[in-house]
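The structure appears right after this line, and notes come after that.
Read from first to last, the chains carry the letters A, B, C and D; within each, the first residue is number 1.
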Amino acid sequence: MSVLSTSQADNIKDTLQTAIDRDANETIEISQRIWDYAELGYQEFKSSELLQQNAQMAGFSVKSGVADIPTAFVASYGSGSPVIGIMGEFDALPGLSQTVTHEREEHVEGGAGHACGHNLFAAGSWAAAKAIKEQIEGGTLSGTIRFYGTPAEEGGAGKVYMARAGLFEDVDVMLHWHPAGFNDASPRSTNANKGAKFRFHGIPAHAALSPEKGRSALDAVEAMNFMANLMREHVPEATRIHYVITNGGEAPNVVPEFAEVFYYIRHPDFQTVRELFDRLVLTAEAAAMGTETTMEYEVINGSYNILPNEALSRITYNNLIKVGGVSYNAEEQKFAENLYATLYKPNKPLGSQENVEPFIPSAGRASSDVGDVSWLVPTTGLTTACLIPGSYLHTWQAVAAGGSSIAHKGMLNAAKVLAMTAADLLQDPTLIAAAREEWEASRGEDFEYYPLLGEREPPLDYRK
Amino acid sequence: MSVLSTSQADNIKDTLQTAIDRDANETIEISQRIWDYAELGYQEFKSSELLQQNAQMAGFSVKSGVADIPTAFVASYGSGSPVIGIMGEFDALPGLSQTVTHEREEHVEGGAGHACGHNLFAAGSWAAAKAIKEQIEGGTLSGTIRFYGTPAEEGGAGKVYMARAGLFEDVDVMLHWHPAGFNDASPRSTNANKGAKFRFHGIPAHAALSPEKGRSALDAVEAMNFMANLMREHVPEATRIHYVITNGGEAPNVVPEFAEVFYYIRHPDFQTVRELFDRLVLTAEAAAMGTETTMEYEVINGSYNILPNEALSRITYNNLIKVGGVSYNAEEQKFAENLYATLYKPNKPLGSQENVEPFIPSAGRASSDVGDVSWLVPTTGLTTACLIPGSYLHTWQAVAAGGSSIAHKGMLNAAKVLAMTAADLLQDPTLIAAAREEWEASRGEDFEYYPLLGEREPPLDYRK
Amino acid sequence: MSVLSTSQADNIKDTLQTAIDRDANETIEISQRIWDYAELGYQEFKSSELLQQNAQMAGFSVKSGVADIPTAFVASYGSGSPVIGIMGEFDALPGLSQTVTHEREEHVEGGAGHACGHNLFAAGSWAAAKAIKEQIEGGTLSGTIRFYGTPAEEGGAGKVYMARAGLFEDVDVMLHWHPAGFNDASPRSTNANKGAKFRFHGIPAHAALSPEKGRSALDAVEAMNFMANLMREHVPEATRIHYVITNGGEAPNVVPEFAEVFYYIRHPDFQTVRELFDRLVLTAEAAAMGTETTMEYEVINGSYNILPNEALSRITYNNLIKVGGVSYNAEEQKFAENLYATLYKPNKPLGSQENVEPFIPSAGRASSDVGDVSWLVPTTGLTTACLIPGSYLHTWQAVAAGGSSIAHKGMLNAAKVLAMTAADLLQDPTLIAAAREEWEASRGEDFEYYPLLGEREPPLDYRK
Amino acid sequence: MSVLSTSQADNIKDTLQTAIDRDANETIEISQRIWDYAELGYQEFKSSELLQQNAQMAGFSVKSGVADIPTAFVASYGSGSPVIGIMGEFDALPGLSQTVTHEREEHVEGGAGHACGHNLFAAGSWAAAKAIKEQIEGGTLSGTIRFYGTPAEEGGAGKVYMARAGLFEDVDVMLHWHPAGFNDASPRSTNANKGAKFRFHGIPAHAALSPEKGRSALDAVEAMNFMANLMREHVPEATRIHYVITNGGEAPNVVPEFAEVFYYIRHPDFQTVRELFDRLVLTAEAAAMGTETTMEYEVINGSYNILPNEALSRITYNNLIKVGGVSYNAEEQKFAENLYATLYKPNKPLGSQENVEPFIPSAGRASSDVGDVSWLVPTTGLTTACLIPGSYLHTWQAVAAGGSSIAHKGMLNAAKVLAMTAADLLQDPTLIAAAREEWEASRGEDFEYYPLLGEREPPLDYRK
C-alpha cells in the first residue's frame, strides 16, 4: 500500500470526525444504556449483547464467547494487513450506584455503578471502529479493523484470558482510551497487579463456653494483615498493597471457622510483583502457623504493567491536539461547578478540561489488563475529559459525571482520536514498523509471556 | 390451697408423665417441624405460628406480638395464683445447616440450623405446659400455667424486651430447660452479655492511584480489634470478648469507606459488663481517632447473668432424679458412637447420658436472655441429654443430634421434669415463698432493673 | 520418738515465741540490712553472706554455693530424722527503689527494691530456724533443722536448680512463708510458670535510604506479640501471658537487625504450661517466617505450681491462730493510713491486719519456685500482714512498708508460726505421715519430675 | 575583586591540590584518630578538640561552644567578602563498632563506630579549609574561609541549632561533602525529617496476680505502632516512617508502667513532614486513649530537606571531573573484593569507583541537618568513593572501609574538590550571584524559617 499524501490523510480524518458526529446520538444512546445496565464483571450480558448487535448490524463478523468468557467477543471488519484493534470495556463497579447529580444520591440502593466510565469506553471505542469500517468499506482505507469486547476489567482481568487465548496474536497495533478528568495522550505505564483470596480455616467453638477449644480463622486474617502492613516498610516505594476482608466470621458467639481476605499487590514491574506476592504468601502461611489454622489461596487476577510506546503515543497525541479539549455550555458549567465543590482536594482547576496535557511520559499507579496486551502487541491509548477536572475514578462523582452530557463530549472526542490514529496506521506501514521496533527493545530479548494469574480459569462468578 | 399429701402429689406426677408419653408423637412432630423451618431470630414466623396454633387448640388464651415483637407470644391457661411460666425458644443459628447424620453434611447450603436445640426447647416446654393445663382443667391442680413464646434468644435477646415490657411482672416462678449432652438441674449462673456493632466511616480513594487521599474504615476496625485484644490481658479472667468483622470493605482497589465489627462482652456480673463495655467503646473511639475516621455504634443485645435459685433447683433436681437419664437403643447407640468419634476432645464419655449429674452449683460462661427474667422472677431450669455426651452446642454435631430420636428422648424427659416441678409449685405455696426469699437476698436490696441494651427497639431485622 | 503431751508441746511453743521475741532486734537488723542491700537475683552476695555468717555463728553447718549457684546455701543443725527445712529468699526487684514513706520517692534512682518483702522472708525464716536449733541443742526437740538460702526467686527460679540438684531429697517437710497484707495459712496453690527470651535476627538497612532491603527484627517481635495477644482468647481462662520487649532496636534510622521479647506463660497446671508454651513458640516461629527474619529462644525460668497440703496447712493454721495478727501503734496507724490512701482500689480494709483469714483452700495466680519443691517434698507456708492491708506486692507501697516497723511485727509473727509448726512436726511423726499420704495422692502415681526449665544452667547473669 | 584569568585560576587549583597531597599524612592521621575515638553525637569532645587545635595551630580564630553546644565551633580565617563556609561532621553511630577487615568483627563490644564516615568528612573538609587559608595568607585569594565544626549529625541535628542561632547568616556559600561508594557532584535533595520520642505511662500491676488492675504502657506503644503501620498506606509514597522501641517494659511479671518509642518521619518536602508528624501524634494520642494510658512526646530532631543548587553543583562537578575517581592498588583491590563479596545485592560494580557519576539531579531519601543550612545559605556538596562501590552507609562494611587507605584516597579527593570550588567562588563574584538567584527562586518568596524541631534545646545527652 502506498502512503497517502498529507492532504488525502487529512481528508480521511475530517470524514472520520464527521461520521462520528453524525452518529453521536446513537453512540450516546449505547453509553447510556450500558450506564443504566451497570453490569458487574463477567455479568455484562446485556452490555455485551448490545455491542455485539450493533457490530453485527454494521456488518462486522462477531466471534462470541471467546477465551471461555461468555461476554467476551471480537468483532472484525475488512481483511488483510495491517490489523488494528480497538478495545472496549463495559463492566461496572459494585456499591457505587449513583444518579446524575452533584449530590451523593444512590440510584439503586447498594447497587453497582459505572465509576470507571466503562460505559463511555465501550461506546466511544465502538464509534471509532465503526467509522473506520466505513472507510474500509468505501475503499479509502484498507486492512482490518477489530473491535475487542473485553469484559471484567475491574478485578476480572478479562483481557488477560483473551491474551492467554492468543486472540491478539495477529494484531499489529492495539488502541484503547479511558475517561478521565483531563485530555492526555502521553505515554503512560501502569502498575502490574496480582490479586488473590487467602482463605483460612480454623476450629469453631462457642466463643463464650469454650473459646480455648477454638482456633479463629479471623485471627489468622488479622495476623496476615498485621504482617502485610509491616511489610509495607520493606517494599519498593512504588508498591501498592491493599486488601479487604471478604469474610470476617459468622456470628460473635462462634469462634470463626472460616475467614477470607482479598489482596492486591502492585508495582511498576511485573517481575517485582511476582516477588512481592511470594512474600505476601509467606505472611499468610505464617499467620496460619501462628494461629494454628490452615490456609489456601486462590489467585484471582493478575495483569502486567502497561509497556508504553512513545512512537504510537506521538501519533495519538497529534490527533488529540487536532480534536482538542472539552468545552462546557452554561448548564454543564453549572453542573461541573456544583460537582467540583464536592471534590476532596482536586488537583486540577475547572476549565482545564479545555486543554490537552503536554506530552510527558509518566508512570501511573493503577493497573489495567491492557498491560498484558501491551506486552503482546504494540499498544497505545489516551484519556479525554469525560469527568470534571480534578475528580477521581471510582468515586460517586465519577459515576455522576459519567452519565452526563459532559462525559458524552469527552467520549466523542476519544472516538475521533482513535479513529484518526487507526487511519494513520492503516495508511502508513512505516509507523507500525517504528512502533514495533521500539516495542521489541522495551520488552527485552528474552521476554516470554507467563500471565501473572497463571493457569486459572476466568473467575466468571467473582462478582456474584 | 392446701398442700396435698405425698401420695396425691405422686399420683399427679405419674399422670403428668403418662400424658407426656401419650402426646410424644405430637411433641416430636412439633420439634421436627421447627427443626425443618430452622428460622433465624425474629424471623420465626412459622415456628411461632405452629406453637400458637397448638396452644389455641389446647384451649390456652394467646396474646400475640407482645413487646412489639411479631413472633413473641404468651399463652395462658387457668386463673389466679400461683402463676407458673414456662419459656419456649425456637430460633435457629445461621450457617449451621446440617442433616441428621454423623458426617458433616449441609442440609441447605449456607443455611440456618438448630445448633442450639431450640426446636426441642419449644416443643418440650409446650408439652409440659399442656400436661399441666390438663390437670388444672381436671381440677387436680389450681392456679395459672403460662407458656411464653420467647423469640430470638441467639443474639436477639427476645426475653429482655419481654421483660422490659413487664410481661413477667405477675409471675411467681419461671421455668425453662435447655438441650445438652447431659442431665443436670444444678443451680447454674450464666454470663451477662452486651453486644454492639461498631461502624466506622473513612474517606474512600482509589487504593492504587491515591491511597494517601484515603482513610480506611477497615484500618479502624483492625485498630479497634488490636486494642481490644490487648485489653484481654487487663480484664477479669472470667471475661469473654469476641467479635466478627461484619463488613470488611467492598473491593481491594478502593480504600474502604465503611467497615463494621460486631462485638460481645461477657462476664458473670452485669455491672462488670457495663464497665468493660465502656472500655471497649474507648478502643473504638481511639481507633477512629488514630485512623482519622469516624465511628458510631449500635447496641445490639444485652442480657443479665442468670441469678440461680437453689431452692427451686432442688425441687427440679428431685424431679429429674425421678425421671432419670436417656437410654439408647442399638441404632441410637451406633449413631452416637459415630458422631462421638467426630468430637474434638469430648469431656464426657458415651454412656454418661444415662445418669443425672450431681447437684453442684456452678457458673456457666454462655449467656442467655433468661438472665433478665431471673432478676425479675425467681427462675430455674434444667438440661437433659438431647445431644451426644461430650458434644457442644453451636456445632454441626449439635444440629445433627438435635433432629434425632436421641434428642426426642431427652426432650420428653425435660417436659416431664418441668411439668412435675410446676405441679410441686402449684401444690405447695411454701416452696414459692422459700424461693422468693432466697431470690430477694440474691438480688440485693437496692436492685433496680435497667436492661443492658437500654431503650433500643427490638432489632427485628438483625438476622436479615 | 514418743509424742509429747499437749502441755509439753505448749511449753516448747511458748519457749520458741519467747526466743524469737528475745532476738527480735537482731532479726530486724538482718532484714533491714538486706532491705538496704536490695540485691537482684543471683547477685545477692552480701545478703547471702550475711545469712550464712549468722548461721555459722549459731553453730549451723553451712554448705555454700550449692547447685552451682554462688549465693545458694544450706545451713543444717542437728541430726537424724525427721528433717524439717525452712526456706529463706532474699532477692530484690529492679526499678522499685523506694524510701520508707507514704509518698512515692525513690531511694536510689532507677535502683532495685524489696517490693516482694524477701528481706523479711529471709530474716523471719532464719529466726525460726535459729529458735528450733536452740531446742534441739537443749534436747527438747530432736531431728534436723535446715535453713535453705534460696536465691533469685523473682524470675531466677533459684529453688528449681536446687531441686534439680537433689538438695531436698532427704527432707520430710519444707516450710516457707511470705509477707503479705493479711495473715493466712490456708492451703494455696500457685500458677506454674515458664519464661523465655525470644530473639529475632533481621537484615539491617538504612531505614530511609533502602528500607526495602531491610527485614526488621522488631517487626518480628511485634508480629509475635500480635499473635500471642490473639492467643489470649484461645487459652484456658486462668492462663497468664505477659511480656516485655527487652530490645526494640538501636536507632530509628536503622532497620533493626536484632530485637528481643521476654515472655512468661502461667497456668495452675504445669502440664498446661508446657502445652501453652509450645503454642507460644509457634507464634514466634510464625513471626519469623512472616517477617523473613530468624528466631531462636532461650528458656529463662520455669517453675511448677505449688501442690498445697491441707494436713500441713491445718497445723500451720492452728499455730497462726495462736500467734494472731498484727496490731499497729499510733505512729504505725498514721503511716498505714497515709499509705492506704495511695492504694488503687484496695481489697481489704485497714484493721484487717489484726485478724487471721479463715481456713479456705484457694488458687493463687502468681508463681513461685517453691512450686518445684512442693512436688518433691510435702510443703506448706503462710503469710503474715507485713504490708498495709489491701496493698499488692511488686509496688512501691510494698517496698515502703517492707522497711517499716509494721513489717517487722509481721515478720516476727511468721517466725513464730514457722518455729511452732516445725516443733509440731519434730514431735509427732504421725503428722508427717499424714502429710506424706495426702501429698502422694495429690501428685499422682506416675509423677516424674522434669523441670519446666529443662537442662539449662542457672542464669547467673539474668539481672546484670 | 577582579576575576582572574583561567590560567591563573588553574594555577591556584594546582597549588591547592599540591598542598592537600603534601598534608595527606596529617589529614589521614586526623581522620584515623576520630575513627578511633568513635564518639557519639554531642559527646565528640575529643574529636572536636582535635579539630579545633589544628585550626588554632593553623592560625584560624576559633569560636567554641557555639549555639549552646559544647562540641560545636566555627573556625575562621581571612576577612571580608565573600564568606565561604565548609562543614565538618565528626560523630559516630552506636552499636557499629568494627575493625578494618572484610569480616564482621567488633572492635569494641557493643561500641560505637563511624558507619557514616564522619571521621573522613571532618578531616577532608578541614584539609580543604586549610589549603584555602594558605592562599588567602599568601594573597592569591581574598575573602573569608570558615570551617564549621558541626556535631551530632546522626539524629542530633547539630546544624539546625547552629542555623537557629544565626551562625550562617553572613555566609555567601556553604560547602560540604560526604563519603560514599561513588564520586558524584550532581544536585541532590534529601528528605526532611522529624523525630520524636513518644512516652506512655500506664498503671503498674503484678502481671500474674492482678493484670486486670494494670494498664500497660507497652500496649500503648504497640497500639501506636499498629496505627502508624496502617498509616503507611495512606501517606505519599516517598514518605519514610521508622521507629524503635526504646523502652519496652521492665520485667515480664509487672504490667509496664512506662514505655517509649522513638519515631522518625521523612518526606522530600518539609511541609509534608509537618503534616505527617501531626497525623503520627494522633496515633499516639489514640493509642493512649484506647489503652487507658497517658502520653507525652518530645521532639528530638528535625531537619529540612536539602535545597539543591544547580549552579553551585555545576562548579563542583567540574572540579570533581578534574580530580577524578579513586584507583586501588593491588592490596586495596584485594580488600575491596573481599568486602564486596559480603554485600547484599550491591548496586554498583567494583571498578566504578574510578569514574565520576554523570550530572543528574536526583532526590535522596536520607536526611541531613545540612537541609536547614541550605534554606538559609546557597549550599552544595559532593560525594567521593571512600567506601567500596555498592556498599551502604550505616553498615559494618562502611565502618570497615572507612578506616582503610581506600577511604583516605576518597577523602583527599573530596578535600581537593572542596578547595577548588571555594577558590572558584572566592575568585568570581558572578558565580555566587547566580547561585543566589537560583536559590531565592527555589525557596519561594514567602519562605520563613521555622525549624522543624521548634524551640527545644540541643539534646546534649541523647546518646548518653
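Here, contacts are C-beta pairs under 8 Å (C-beta built on N, C-alpha and C of every residue); 3 or more make two chains touch, one makes a residue touch a chain.
Quick caveat: nothing in here was measured; it's all calculated off a predicted structure.
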Same vs different contact residues, chain A with chain B, by half of numbers used = same
When the C-alpha atoms of chain B and chain D are each averaged to a single point, how far apart are the two points in Å?
-> 68
Between chain C and chain D, what is the separation of their C-alpha centroids in Å?
-> 52
For chain B, residues contacting two or more additional chains | 207, 211, 213, 222, 226, 230, 233, 237, 242, 255
Among line, ring, star, complete and other, which best matches the way these chains touch?
-> complete
Complex interface listing, chain C residues touching chain B | 226, 229-230, 232-233, 237-238, 241-242
Contacts from chain C onto chain D in the complex sit at residues 93-95, 154-155, 191, 193, 195, 203-211, 213, 218, 222, 225, 240, 242-256, 261-264, 266, 344-345, 364-367, 392-395
Seen from chain A, its contact residues with chain C in the complex are 207, 211-216, 219, 222-224, 226-227, 230-231, 233-237, 255, 279, 282-283, 285-292
